[in-house]
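You will see chain A twice below: alongside chain B first, and alongside chain C after that.
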Partner chain A sequence: MQTQSGGPVGQSVPRVDGVAKVTGTARYLDDLDLPGAQHGVTVRSTIAHGTFDGLDRDPAFDWTGITVVTADQLGWGKGLAAGGFGENYIAMLDTDQPALLPMGGCIKHVDEPLALVAAPTRARALAARAALTPRQTAKPPVLTVDDALAADIKLYKDDNVFKSFLIRKGHVDDDEFEIAMAGAATVIEGTYETGAQEQMYIETQAMAAWPDAGGLRIAGSMQCPYYVHKAMKVLLGCGPDEVAVAQTVTGGGFGGKEEYPSMLAAHCAMLASAVGGPVKMVYDRDEDIAATTKRHPSRVRHRLGLRSDGSICAIDVDVIMDGGAYLTLSPVVLSRGVLHAAGPYRCDVTRVRGRAVATNHPPHGAFRGFGAPQTTFAYERQIDKAASHHGVAPWEFRDRHALRAGDTTATGQLLEASVGTDDIIRAIRDVAGAAPARDGINRHGAPVKRGRGFAFYFHGAGFTGSGEQRLAGRATVRATADGRFEVLASSTDMGQGAITIFTQIAAGALGVAPELVRVPDPATDEVPDSGPTVASRTCMVVGGLVERAARTLRLRIEAWADTAGVKGDLGALAAAMFGRKAELDPQHGGIAETVQYEPPPGIHWDDATYTGQAYPCYGWAGCLVDVEVDLDTREVALLRCVHAVDVGKAINPVIVKGQIEGGTVQALGWAVLENIVYKDGRVANANMTNCIVPTFADIPELETVIVECPYPFGPSGAKGVGEIPMDGPAAAVANALGDALGVAFDRIPVMPEDIARALRRGDA
Partner chain B sequence: MTAYLRPATLAEAVAARAAHPDWMVLAGGTDLMVNANHRPEPPGIVDLWGCADLRGIVRSPDTLRIAAGTPWLEIIRHPDVNKHLPILVAAAREIGAMQIQARGTIGGNIVTSSPVGDSLPVLLALDASLDLASPRGRRIVPYHEFCTGYRTTRLAVDELIAAVIIPLPDAATHLSWRKVGTRAAQSISKVMAAAAIHVEDGRIVWARFGLGAVAARPIRAVAAEHAAARRAPDAATARAVGDALAGEITPISDIRSAADYRLEVAQNLLMRFVLNAGRA
Partner chain C sequence: MITIGVNGEVRTVEVSAWKRLLDVLREDLRLTGTKEGCGEGECGACTVLLDGVPVNSCLVAAGQCDGRAVTTVEGLARRGIDGSTVLHAVQRELVVRGGAQCGICTPGIAVCAAHLCDSDALAGPGDARAKVRELLAGNICRCTGYQLIVDAVIAAASPASNQEGGS
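After this line comes the complex of A and B, so read on.
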């Protein structure tokens, strides 16, 4: 089904939003002129667990013009039409997370929203917030996954387990599994921990809401307008047409604007309804870091059973993720985590277990990679230990045991087309060169140790299992009266280049210049639901829809022109067609084609046993990292990072490179710098001074190799690129540190303090 | 509305300060702006940025005089500072990044007097003095007497810093500096150390060690200095310096680092400085 589109596809056409962003004319939510808009702020809990007993107002404060909203005054159950609200929870997967905690309710985390304030100026809103004091009664909190599993304190059901998985391959029960494991000549066993991570998008969370034509309009910074729409229908108690959600120019998301924007939208809606006019909420940085979702901290136990020839006879993985106080998206994050946990290695007997548990941390949530970086860290540390146990060079060991076409994954998925293993192995081998000399002296005169580490990994592109079928995403391409074209999809551009890619794909399929194609900012009353902007699916899945819609539209216009005897380029034909009113599609005010997702043939997935085709296809990647450790300061310098990623087809090579480099930097930061410090359930370093992310000075010149093993069902062969670069570099760094120092680093971030302690203990 | 004055000279600034003791004194604003959201608005601001005589670097035969309002970038680019005080340049280069260096001043760093102020250990190692101005006149205070505790100094309420005076080290004095921060740029120090080590005939005659982020204020490591004096700059001396340091500082653990790490790295840095002085 590969197209012959050619044209702009494969070219690095400039970002269509580039000039506006660089010159500052792009208008983010906080730049928008919303006449009369009031400023909303949030009153939050200060304890991790307890009860919300009441809200005290400082009588000395001047309350004129201030609106204070608590959950108790909102008319739940009445619905929007009757001037009230629907149900007080954030509709996502479960109903456990209140949008605003009612008085008497159970506080489950620090910085949980308790009340809202609106005022004509931000300064007044902040002053009013300072004059409000919640009364809270503290209970003992659950702050570790072990305490969560002990379930002495119950936060979620009886066992504090949000979700668990068990995936078996090549055995029927645990006894049979242990027999297979017992057949191993060697068992490599390890426990791996990864920390929380902040997305640190440049634009903080921002949203506005205002009453509009008897309903409510919401606009803001978000990845998934239809997620917000779904949550609003439940919260407001209204039909789909009474609330509309529009994305504004979004300054970064990385998953952080996948589920959390529904919370801001809910709060803006409550305040807008209370003041009867527009309200906007823009979090400041400290609040954003403290209160919004982060990557799930994880602990992975991993056993690798090896035969004497180094081949793998059994893999046993047990994954625990700290989901935080509410369920949010944890089951889905865990799902992706367990589905990748056995790694891209040949093995007939695997058992993967996973649990996401409830604690009194603020909810952890979506972050680029979505569970896979955590489990990738574990298996790639394990593979490194196995290679060294067998005395085989690390990259060679991976080459010997990695999955190829014809092999099956841990879910029993038979890999057919688009397996990039050999190309990745070769790409890294070609550029690797010699490892750096072990010992040296740096510019400070300090002795250093150097080392090299590798990682090999894969990442499922698109939704898990039957997710895409269930979602049945749609996209529209339409012609406009002036002979131009528009792509209507709910996929958002948050800086990753989605609208440029769509422009290229549509222009290629239509056979017109990219300048003739426009991708408007999505709003739920204007674009069909093409699904959320997540899971590395935008280019592969929605791009595929755009390509098909564009091709269908082109055929329709050309067919009409044939019969009508009109000649010219497609734009001219479309403009001529507009002259004949009968041809216009009333729903989209023009000539439009909408297509819906159709699964590639032969997809089988069993949700009950978690077996079958977990993903339509996989991206493949390899990473090489050279490190240097200063023995005076234990600081880690990253000398070199080569990253080869199989993306199927680079629709826009510069954008693809940007995605790979950006993901690589986030992964390197997660490995050695980014350390969320929780203290009594509170983020203790909730500011940019202390919540460290890498700067350009912290990273080496990145060497990126784009590998293209086309996926037959993606647009021009493209598959996902957004998440895979995040998965592997952290393991490569830890492996390199192990090589340099002869010490195993099984927990990230590896801070200089950790290295100092390890060396002092004489782990080496 | 906050009142605002922008004096053109130090004398005018001193007068403005005396007339409005409760106003905020602003230089580059790079420390003050960080806390703008967390502190009540001051009744007024005296902005020093327009004082021509609070800016610039003057060399005399044995000192460099750096006016307090001189921004870091000017210090970094000044040939005399590069020639005579390379560790001040090195420290300045690690303050924030270029934007901050263009605006932030040496006077602001000194008056904020944070335990992690990056220039402060260097000023200790270089034995700098401060020229202070008030309506009562001028006085010179040795910098090592200036910081009294956690963010407290001997600056009187009506005083401004006019300049920093730094004696020029001679060729036999080895200067060293190292900052260990949370990352490579835009970072707060976890440990920093500066040293001036005077070596004659293969022996250390005297040493001055300035340390930051290991105590409530920037400090001189006096016991370590004694351990170095009158000994060869070799491994045994380095060890003695490290041991002495362990007896005189008790760093803390906080969200940025840990006490054991801070001590170990501070020791390593001073030991390295001693060894490097021997090698040069």
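After this line comes the complex of A and C, so read on.
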């Protein structure tokens, strides 16, 4: 169902919010005028596990004008209408995470919220927080996944397992699987570990709440207004119309503003209720790094059974993720992790097991890639070892064994259309050139070793299985009285360009200039629920809704004009239609079309066995990285990074390039720079001085190749792009380091001290 | 009482000499284009020019600014003859070339990059792109991967671009 609209689709129109952003007039939450707003801050636990016994106030402090809120004073169960609250948990997938820990409750991680403070100025709020001391009794914490699985200390149910998965392909039980594995000429085995990663959006978490028309209004930095809305309905004990949630200009998300904003919204709501007026909370960087979600640390055991010709006869993967103290989104992250764990390679017998476990770390959560980068790291290290074992060049080995149309994935999904393997293989091959010379001297005069690494991977676009059907996202396109058009959806722009591509898609389908289309900031009382802004689904799924709604609206307006005998461009027709008042849609104050998601034909997914079409389609990607290691300092320099990504159709090539390159750099950082250090359950480097991310100077000139293998059911053929660039570059870096030094690097981040240790061990 | 020339206007504020310049700009003068990303001089989101030199305004005390000139992102564009806003060449190129995504680091990058384009920092021998990477290394962007920002700064620094931009 590709459109013939042409027009702005496929053009690099400048982003619609660009001028506001370069002139500093874009207003983020902390920039808004909120008259009379008090400043909220959070009192947090300082132990990883124990009990919250009470809160001591310094009697010497001047408490005038200070509001302190603890969970015990909030009137739980009374509901918003009766001046109280609903239920004290953050509604996401489970009920285990309190919004504010009651006294006597079990502290499950460092920096868990225990009390809230509001004051007229931020300085006073911080001073008051310093004058509050929580009384806590410490218990032994669980800080490793092994201790969690031993379950001597129980944090979640009896086994500390939040969620487990088992995917079987080509066998019925473990015995049969082992028979297949035993048939391998060679078995490559490895254990791979990845560290936590901080999203490090440059705008820290920020939210405000104020009483509004008998209910409550929430505004702030977020990816998913309807997630916050759902959490607020439960927390406040109110109906959907008593609370509204609006997104403000959002300074980066990367998953970090998927679930955590509900926590800030809850706290702002509690404080706004206590002070009877607006309250805003803007986290310090230190607090944001220490307390909010990060990418799940992982350990993946991988066995690759190879026939003598190098083809794969069995794949066995066991994934463990550290979910942290509460369940949050861990089951879904694990799901995506296991669904990608076998990789885009042909194999008839595959077993994937996965567990997400509870520890006393602050909860880990959504981060671009959502479990897939962890398992991709493991399988792409394995494939490199397999290629090396068989004496086949790494890219050639991938070419021989990668999935093509007609093959099936680990869930038995038959790949039909939109398989970008050949184009990706060719794209990398075309630009690869010669590998760098192994030995050399760098500009500091130090001896260096150089190497080249590759990775090949895929990423499912959209929600897993029947997720999109269950969600049934909706979007509206409407005409306004001045002959312009608006796109209404809850999908947010957090920098990735959603409102610009929606503008392009709608303008293309309407056949009007992009200047005539506007995408208002989403608020739950103004836009339909098009679903959360996650899972590489915004362009493919919601963009598809926008395209269909716009096309339907255009047909309706043109049909009316035919009947009424009115002529002109679509804007003029819409304005004329308004003039007649005949066709006004009372619900949307105008001429509007709302459409709901409909799955492409033939989608089958079995949630019980985890078999079938795990995703409507996949993006495909390949990465080449050249590295140089300074043998004196053990520093890694990235010399070159080529990244080819199949996005189906680039609705806006510059925006797509920006998405690919941004994800690439986050992945390169995860490989060699970004190191979250936990000490006794606390983030020991919770500041930007010690918790570093790549700068301009750390990154080579990026060589980005956009590949377009259209997905027949995406808007103009588009599929996902947001996450896939995060999946593979880290493995390419580790493979390149292995090539340079002759040492296996199976844990990331690879820090200079890891290289020093590896070389000292004489692995070389 | 502290007197600062801000974007060409003399502004007087009654604040502690220890107040951060960042807070003076955002709270007292309501110039909210300058952002706080870390509060410790690492991310560069709060970059402004102090007497024409880029500084992290989170690390500068108001007292240090008395009698000096500050340029913020709000001061980069100029007013055209017809009253319209004429973007600085760097701002224009950041928009056109995709150098701004979420936009929260953009004011700091625009200020620092405008300084590079308007000074001789990128002139002379040597790879201009490498110079941009080194001179902007104090400004962290988590969205773009930097490539498109470098493209924008190089384009803005070219003589043709400056003529066209009329800055």
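Here, the second predicted complex is superposed on the first by the 764 of 764 C-alpha atoms of A that agree within 3 Å, B and C clash if a C-alpha of one lies under 4 Å from a C-alpha of the other, contacts with A are read in each partner's own complex, and residues count from 1 in each chain.
The definition used in the following text is that contacts are C-beta pairs under 8 Å (C-beta built on N, C-alpha and C of every residue); 3 or more make two chains touch, one makes a residue touch a chain.
Owing to the predicted nature of the structure, the values given are computational and were not obtained by experimental measurement.
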Identify the partner contact of A:Asp284: answer first if only chain B is touched, second if only chain C is, both if each is, neither if none is.
both
Considering only the touch criterion stated at the top, classify A:Gln73 as touching first (chain B), second (chain C), both, or neither.
neither
Of the two partner chains, chain B (first) and chain C (second), which one does A:Val19 touch, if any: first, second, both, or neither?
second
Now for A:Val665: first (chain B), second (chain C), both, or neither, which partner does it touch?
second
Using the touch criterion from the header, give the chain among chain B and chain C with more contacted residues in chain A.
C
In the overlay, answer first, second, both or neither for which of chain B and chain C A:Thr191 touches.
neither
Would you sort A:Thr609 into first (chain B), second (chain C), both or neither based on which partner it touches?
neither
Touch test for A:Glu203: chain B only (first), chain C only (second), both, or neither?
second
Quick one: classify A:Asp31 as touching chain B (first), chain C (second), both or neither.
second
Should A:Pro752 be classified as contacting the first partner (chain B), the second (chain C), both, or neither?
first
Dual-contact residues of chain A (chain B, chain C) 284, 689, 694-697
Residue positions on chain A within touch of chain B in the complex are 284, 444-446, 631-635, 673, 677, 679, 684-685, 689-690, 692, 694-698, 752-753, 756-757, 760
Contact residues on chain C for chain A in the complex?
26, 31-40, 42-43, 45, 72-74, 76-77, 85, 87, 90-92, 94-98, 100-107, 110, 129, 132-134, 136-150
Contact footprint of chain A on chain B as seen in their complex:
34, 37, 97, 178, 180, 182-188, 190-191, 255-258, 260-261, 264-265, 268-269, 272, 275-276, 279
Under the stated contact criterion, what part of chain A meets chain C in this complex?
12, 14-15, 17-28, 30-31, 199-204, 249-254, 284-285, 494-497, 654-655, 657-658, 660-666, 687-689, 693-697, 699, 701-702, 704
